[in-house]
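Notes for the one structure printed next.
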Amino acid sequence: MTYTFRTALFCSSAILAASLACAASADSHLRFPIGEGPFDWAEFQAFADSHDFSGQTLDIAGAGTGRDADLLREIFAYFAEATGAEVKYSGSDSYEQDIVIAVQAGTPPDVALFPQPGLAADLAKQGHLVPLADGARQWYIDNFAAGESWADLASPTGPDGKPHVYGIFNAVDVKSLVWYSPEAFDENGYDIPESMEELKTLTDTMVDDGLTPFCLGLGAGAGTGWPATDWVEDFMLRTQPPEVYDQWVSNEIPFTDPRVVGAIEEYGYFARNDDYVDGGSSAAATIDFRDSPDGLFEFPPKCMMHRQASFIPTFFPDGIVIGEDADFFYFPAYESKDLGRPVLGSGGLATIMQDKPIAHAFLAFLQTSLPHALTAAQGKTLTPHTGVSLDAYANDTGRALAEILLSATTFRFDGSDLMPGEIGTDAFWNAMVEYTTGSLTADEAAATIQARWDSIR
Amino acid sequence: MNPLIQGLATIILGVGGCIGYFYASNLLLDKVLYPAKGPNIASNIRRANIIRPWLFIFPALLVLTVYLAYPVVGSAYRSLFNRSGDEFIALGNYVALLESPEFRRSFLNNALWAIFVPVMSVTAGLIAAQLSDTLKWGNIAKSLIFMPMAISFVGASLIWKFVYAVDSDIGLINAVLAGLFGAGPIDVIQIPFWNNFFLMFILVWIQTGFAMVILSAALRGIPEETIEAAILDGANPFQIFFRIKMPQIFSTIVVVWTTITVASLKIFDIVYAMTGGNFGTEILPSYMMSFMFRDDGRATSVALVIMIIVLPVMISNIRQAQKELR
Amino acid sequence: MENIAGKKPALSWAKNVAMATMVLIWVIPTLGLLVSSFRDRDQISATGWWQAMLPVELTARARTGTEATPEGGLYRVEGVIFDDEEAQSYFSGTPGDISAFGIRGAEPTAYPAGTTADLGDGETLTVNADGSYVWITPEEPGNRGQRVYFAAESPPKLTLDNYRTVLSGDNMGRAFLNTLTVAIPATIIPILVAAFAAYSLAWMEFPIRGLLIAGIVGLLVVPIQLALVPVLNLHNEIGVGQSFVGIWLAHTGFGMPLAVYLLRNYMAGLPRDIIECARVDGATDFQIFTKIILPLSLPALASFAIFQFLWTWNDLLVAKVFLPSADEAKVMTVKIADDLLGSRGGDWGILAAAAFVSIAVPLGVFFSLQRFLVRGLLAGSVK
């Protein structure tokens, strides 16, 4: 990390002077040296031999900023190394707006990393994305666990009214996780809850012990509110069969359906109880989601648990060792409901926006195992790529995460990410903020979202 | 290309192009088309003088037409069509807006901004101007109060996060509350309705300096004799201020008022950075952003509503300009 | 005025106090940001910026050593708690005295320094104010020492690290250059164009002059949000797209009404005789403009220049729409709003430093050109 990070710093300051020299020096500072480690270097070499884009530049845009962006750049460096091209990545906190503006302006990046397949589907339908070559569907089936369903997620309807594979999932996260400090659990004699009933009991025990069970932060700039939508989705999967979840995501059953309102209220059971949430539920709306886990690591701790996806360790304070200072458990299901072990996940979809050979080559690069193994090795995100050995994961925590992904009886993709952009990246978020602060009831929040959905039909 | 060199090149090109255009077009007019010599000298000069104003004003008119007039007309037209722009729905978008509670809230908030910010800025600016003109350290005070004018809205929002933060170890307001009254932390950004005023105060903080500088200059422009006469007549300072000074600088106040009203309607950055439009602080520009590029019909109709709010200011300004001309 | 103030010292006193209060309210928020920009993340979250010069009490954790000496069936471990690497990581300088300690994270300050904590089963722990500790345990310690939580004062620390991070990393230098690249042409071009237009509207006779002036004043209040979509589409069609040229043109267009309005008012106020004389002497309008009007209008030009510069430098909306979202084209406001606020949401020190870097140039411009501003605006808006 530090090594390449320094390079990145050096690059940005030296860019004025000599960007070429810099690109060259970055190559020799690849984080995982070529030829070492549990990576398929032969495949990489074959890719490098068949692709040469020396002197060309590939523009990539995505939502990751700061440390996230640095990790992405680490992976892109291997594409640069293989092809001789220069890769420029730009991240933005308001990516959802920026990419739409860029499309409108006719200056989209070569490759776009969509944190939401829903937004990608909007753009695909308008004809702004370039479908992949025909073999892509088969590639998913051959290489991804549950490849069919991943291929379906990556295949929105094109302008011709037919579905095409438009992209490759390059970063997969498991969302049904609760992070905690093992030491704090030990000191207080708490056990990992195995069911939602136990989690609720544990929550009350913590309150009785004078502790605050949860840290919750919904703040995310223009994306404020999204962490709450994950809770609701997790509860949809824990109170209803997956089929109902699918119908909800496609709006075959409306938001105002009692089953959906029930899931919102399940979230409210935790989030709207001032005893359960650090600072009270209204504070949750202004606390930044990136800062919210910090409370786990203070003395005395501000909270004991934090429900958040597998990427959150990126935002833990410096010096926190995963597996020692922080660990996670599976956000459990109701024992009484017999819905198995549902897992909610999400993934970034890399798509081509400019029909250039170098963009197609980059997507071909993503169809090798290396980038998927690298993202696992960074300890940042997971991959359903079956060609990546568990050894590639940075630590036991990563392997345990991958096992959660594999042991799921039901895997469902983040519903808000699949809804149309105006719902999944706007109305749903805003309504959940208002529900969390108590200015809307669950029924009212659901009605607001449904009204917006009706208006875009 | 290095952006600095590119920038320099464009400055030279742009500026050179501008000067070149004005110079060359005049030359063309005077030397080639209607030279001020030969048999038709009188009519040539007359014709040249009819055309010349248009040469001078043409570039400005062009950009005004392209960047402001055309968008107004185009938006008005676009707002009559549906989401994808292929179906004429007359006032359908406006009806949908009126039915939306979010829109009504944004509209009311925007109206609040357009009233509260100019009132507060002009009042505070007037007080500051009046006070600073009579104090020895008035100029230093003026500079300090003017300083926020130079700060970006994003920077200003950051500055005010250090004032409004809930954590009493970061937020000044909560620190004062806790220190003086022992009161628990309050999140001023989430107090229903009143949170708008905390956001507006940021703009007041920025605009007061502007109002102060101009009003102070106007106050100094008042002839000494009128004030001395009033003092001799036994008027007290408050009478002097309200009866003598205020009427004399009234036209300046109107100009300042207009400028600040316009600024407060264009504001987008403060709400965007402070709340993202949540907690009932949505205003029309930020409300519009959630439709922009997704539903242009709806977005343009919101923009036109913003213009309608400004309409009274616009009309009074045009009247004023017409009066000046006569 | 002064004689009034002189007559009533109470009033003068009240004026001073009122002015001072107002100045304080106006300055304190900025001061807070300035002070915070020199503090690190831990210090900022531990105490308010107004306490920056005081030591901060931090709660830290550490482990005791494991080298035990047997003592009457028990094991005795001694040492200094600050020797532990983890303990050191919390403090920026030499830590002060320990005020209290604890053995559970939930109660990190359960025991005052110097007292002995009973851990049960004959196990005890004593931590003194100077950091020395004695741990008595009935079982031989394994390879992990006893967990200790403690509160101690960390000395105040002001640092330039935040500025270093902002200026060297995250492409901030590039964003700074980009902002300059946007702001300078977007200030000069509209002034030139507006000056010619203002002159013709002020001093040249032509048919629909009044109508044009009214129109331009009307456009003064058009919200630019309205123009974003159509203009972006237009830029797209003529091949400008999202680019620096596009944003220069956009700023030129959006700033034009105010520029023409201010400059026309100013120029119309210039003495008629000078211009008439020049006309009689046979000067053309072009010569009158360049030789007489421009030099005389310098204050108004400068004041508009300051306004337009501040506006383009500080703009977020136009930059978001008319510049590509790629990193190498981001201006500072976009960088701060979309990148720093996001990735460094809790790193207030970094954010503060970034804000000050973005404020520095406009503040410098403002203070150096302040006197032009007042003169120019006064002449432009006050008859």
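The letters A, B and C name the chains in turn, as written, and every chain counts its residues from 1.
Note that a contact is a pair of C-beta atoms (placed from the backbone, for glycine too) under 8 Å apart; a residue touches a chain by one contact, two chains touch by 3 or more.
All values reported here derive from a predicted model rather than from experimental measurement.
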Between chain pairs A-C and A-B, which one is joined by a greater number of C-beta pairs in contact? A-C
Central chain (distance from its CA mean to the mean of all protein CA atoms): C
Counting only Cα atoms for the centres, state how far subunit B is from subunit C in Å. 21
Subunit A to subunit C, mean C-alpha position gap in Å, rounds to 31
From the C-alpha centre of subunit A to that of subunit B, how far is it in Å? 40
Do you know which subunit A residues sit against two or more other chains? 16, 97, 101, 104, 221
At least two partner chains per residue is the criterion; list those residues in subunit B. 4, 272, 292-293
Among the residues of subunit C, which are close enough to touch at least two other chains? 174, 177, 229, 328, 337, 341
So in the complex, the part of subunit C that touches subunit A is made up of which residues? 59-61, 89, 104-108, 147, 149, 168-171, 173-174, 177, 229, 232-233, 235-236, 241-243, 320-322, 324-328, 330, 337-339, 341-346
Subunit B residues touching subunit C - in the complex, by the definition given at the top: 3-4, 6-7, 10-11, 14-15, 18-19, 22-23, 26, 30, 49-50, 52-54, 56-57, 59-61, 63-64, 66-72, 74-75, 78, 124, 127-128, 131-135, 138, 141, 143-155, 158-160, 162-163, 167-170, 172, 175, 205, 208-209, 213-214, 217-218, 221, 227, 231, 237, 249, 251-252, 255-256, 258, 261-262, 265-266, 268-269, 272-273, 285, 288, 292-293, 296, 299-300, 303-304, 306-307, 310, 313-314, 317-318, 320-322, 324-325
Would you mind writing out the residues of subunit A in touch with subunit C in their complex? 8-9, 12-13, 15-16, 59, 61, 65-69, 88-95, 97-99, 101-102, 104-107, 109, 181, 183-184, 187-188, 209-211, 219-221, 288, 290-291, 294, 298-301, 319
Residues of subunit B touching subunit A in their complex? 2, 4, 83, 96, 166, 187, 189-190, 192, 272, 276-280, 289-290, 292-295
Where on subunit C is subunit B touching in the complex? 1-5, 11-12, 15-16, 18-19, 22-23, 26-30, 32-33, 36, 44-50, 174, 177-178, 180-181, 184-185, 188-189, 192-194, 196-197, 199-201, 204-206, 209-210, 212-231, 234, 244-245, 248-250, 252-254, 256-257, 260, 268, 284-286, 289, 310, 313-317, 328, 332-333, 336-337, 341, 348, 351-352, 355, 358-359, 362-363, 365-367, 370, 373-374, 377-378, 381-383
